[in-house]
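Every chain is named by a letter (A, B and C) in the order it is written, and numbering of its residues begins at 1.
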């Protein structure tokens, strides 16, 4: 069960131009394009109402898109405005259109007319910090991606060589979890620990560091991360002074393509050596490498869950944030469907 | 729902020799071979009745075929005539055989004993004009292929660079549609238009041409096309004098492999420069290229129809011939099954 | 329907070390590893009870295995013995474990607690004769493999160039079939026949030979073969003196991976020129080549059976041993399930 009346990240703004882009979201094939002014982004059902041809194979003419097969033309509202060889266009000649909003370098898509752009999470960091973004498609249910991010204890095992500190630091970590109306926030402090490889490469530390990972999950589609470390004694923890040292912010748009596949759209924004493009590039490469480690895990996990999904699983202590996130999503789906939360099934 | 009691094109005559050929038609795996005299073509169920082995992996001996696995031998009627190591052959040792007819360079297969060879469409042009043929397997329902051919307005968009005239010529085209008992015929005249690239390459025209496309669909399996152009004023349209200029005939055998895949068997016969083999070869290459354009479209269309096949489609003005063709097929299926035509589902 | 309360060959002993091995048996994903002493082999459900991660991607530490994802540790009984960051481990934190026995160079796996190691067939020949083994995965139901081995008349057709004698020798062969409680035994004598290519390559014969093939099927998982030939007149048949000449023994472990795929684990042990490693190597290569011929047949057969499995098949004279084998298996399944044998479906 998906939440439908909500905003999902559909693409990076840079992915959409006047060449149509086909992208399936929540099992719905959608064609995206920019009108020829380069401004307005259009999202239509990717299926011509005549013979079912994907409109994404067609061409954008001015503000409209022409089907490749028999040349029918549709405007941004999904109405057909031209049928070659036929003077009148019936009202039934239309395809579905979807609400779209472009914000902070992201294209968001809403499903229903109720979608209120005010509900889109704001993310000012793309404008403020140098950053680089990526879109990946993964063979797993989308919730495994947020599960992964919301339980950072995995870093000690999955990211041994990249993101991990000494294992005991993870176990001694201080976690503060705060459920929110739309999801959950948490901050995890690892005090007096070794800086992980990726940090030490980026910034020269004096020795041990105080390290934080701050995450906010906003159901159903995004996670905001602020991670960093300063030398022990510089007040990151004691005075919440987290400027300086090493810092990075990651935006995650996690959108179901189908029940079994996901779009994973992320950017990393760089808080150190911001006038050195190379620093951002290196950070991106490190993060990309770590995410590849996660992706291998998630695809293997999902293959097993699909085969043996009816067997019970258990929760452990580190699942706190993950469970709050799922509850928030389930509450929203229950509300949308008018059913009790207990009847919501988010992952079969 | 397929029509069963009918003749379908199974293969080109040149495809079948004494080496067995496996080909699935209408979801039925069939093995074809020629008896050792090189004359009689045999079509049997491609499954030994002993352990289910495909007979197409066996060997032809004289008039019969021997299973690769335990050596049982079957004759052209499907009766087992030898079981190694066993003196008697029980009557139950048999596989299904299918009626086959070889005509005009084509192998036709009927399904039931009612199949009457007199119902096979005659096609004299393979004997009269130089031609070249091809068999292709496509990932789409077979009806999308006849749909495509029966609505030639697609040429203006799909075949922009190959077959298309100026777009307005398509919109001004004169269409004469004649439903027949077995399908539909139509002729489309585009008068005073530019010769498309493929025509102009083959023949030197004085300038604008009168261009015709004549199609006959014979349910369920074939389409006969006669297409050409002459210089304006030479009487092609006014006097129905269509010799000279540029002309080609295409035979199409369109046979379901499964519900979701098709055999597309076509030949192009060349009406110009008939004593130049190179002219036929060039024409074939051009047509093959244009069909590749169609095939890309049909596979994309079918993938979308499979995903979203329950959403309504609309008909437009150019769908006339296509709709008559479907009606003819549906009438035949309804009659075969003894159900109302409205209950026939040809494409889910 | 599988027989569950039984021993199946899971792997060759040499395949399992301290690096975990993932192998699905009877639709159940299992992880195998050796404890760090190199002795005890452990078989656990390949799915962490926390988030479903395959344990086979984890690491063996001492006697236990640690999940790659969040670091939970399981012992050989399947009990979780450590959850990182959580002092207590609940009893529910466990995965299934399976009985394992290592015998004669083979790893056997039982399914239920009732599995009695005394029921494992003994195979002393790995200790006595030089041999070489292989594990293959095939796209067919596992019963097609035993079917194949239990009807040796296929050799005349499938193994024309490798194992076959003159065809009439197969037809004149003397078969003695003896049903057993657990399956069936048979011995096939081909007297006064040409030695097949593989025999003649290995040993120099005077001329014609008396050739035997002795097979024992032990339901559900293994077949023991002793095959050979001696010069006519040396008493192989008359005095049951089968030492000398050419001889080989093959052990087959045939275990379902899924309903549609199989593990085929076989060894060939060499009875001639036993002090020449090259002789064993050559024999292995010949047998491997012949099995490749079988595998091509079985995969093609199974593809057809899956498509047309509801059509009736017939039995022929050479099916005797195969039928006894199936009956023995069906009796065991019927007993395990408490249903009549007639209701057992071993191959859909």
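Please note the rule applied: a contact is a pair of C-beta atoms (placed from the backbone, for glycine too) under 8 Å apart; a residue touches a chain by one contact, two chains touch by 3 or more.
Note that the structure is a prediction, hence the values are computed from the model and not measured.
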| item | value |
| --- | --- |
| Cα-superposition angle relating the copies chain C and chain A, to nearest 5° | 120 |
| Fraction-based call for chain C against chain B, same above half, different below | different |
| Gap in Å, rounded to a whole number, between the CA centres of chain C and chain B | 48 |
| For chain C, residues that touch 2 or more chains besides their own | none |
| Complex contact set, residues of chain A against chain C | 147, 151, 153-154, 156-158, 167, 170-171, 173, 297, 300-301, 303-305, 307-309, 311-318 |
| Complex contacts: residues of chain C adjacent to chain A | 29, 46-47, 49-54, 57, 66-72, 83-86, 90, 92-93 |
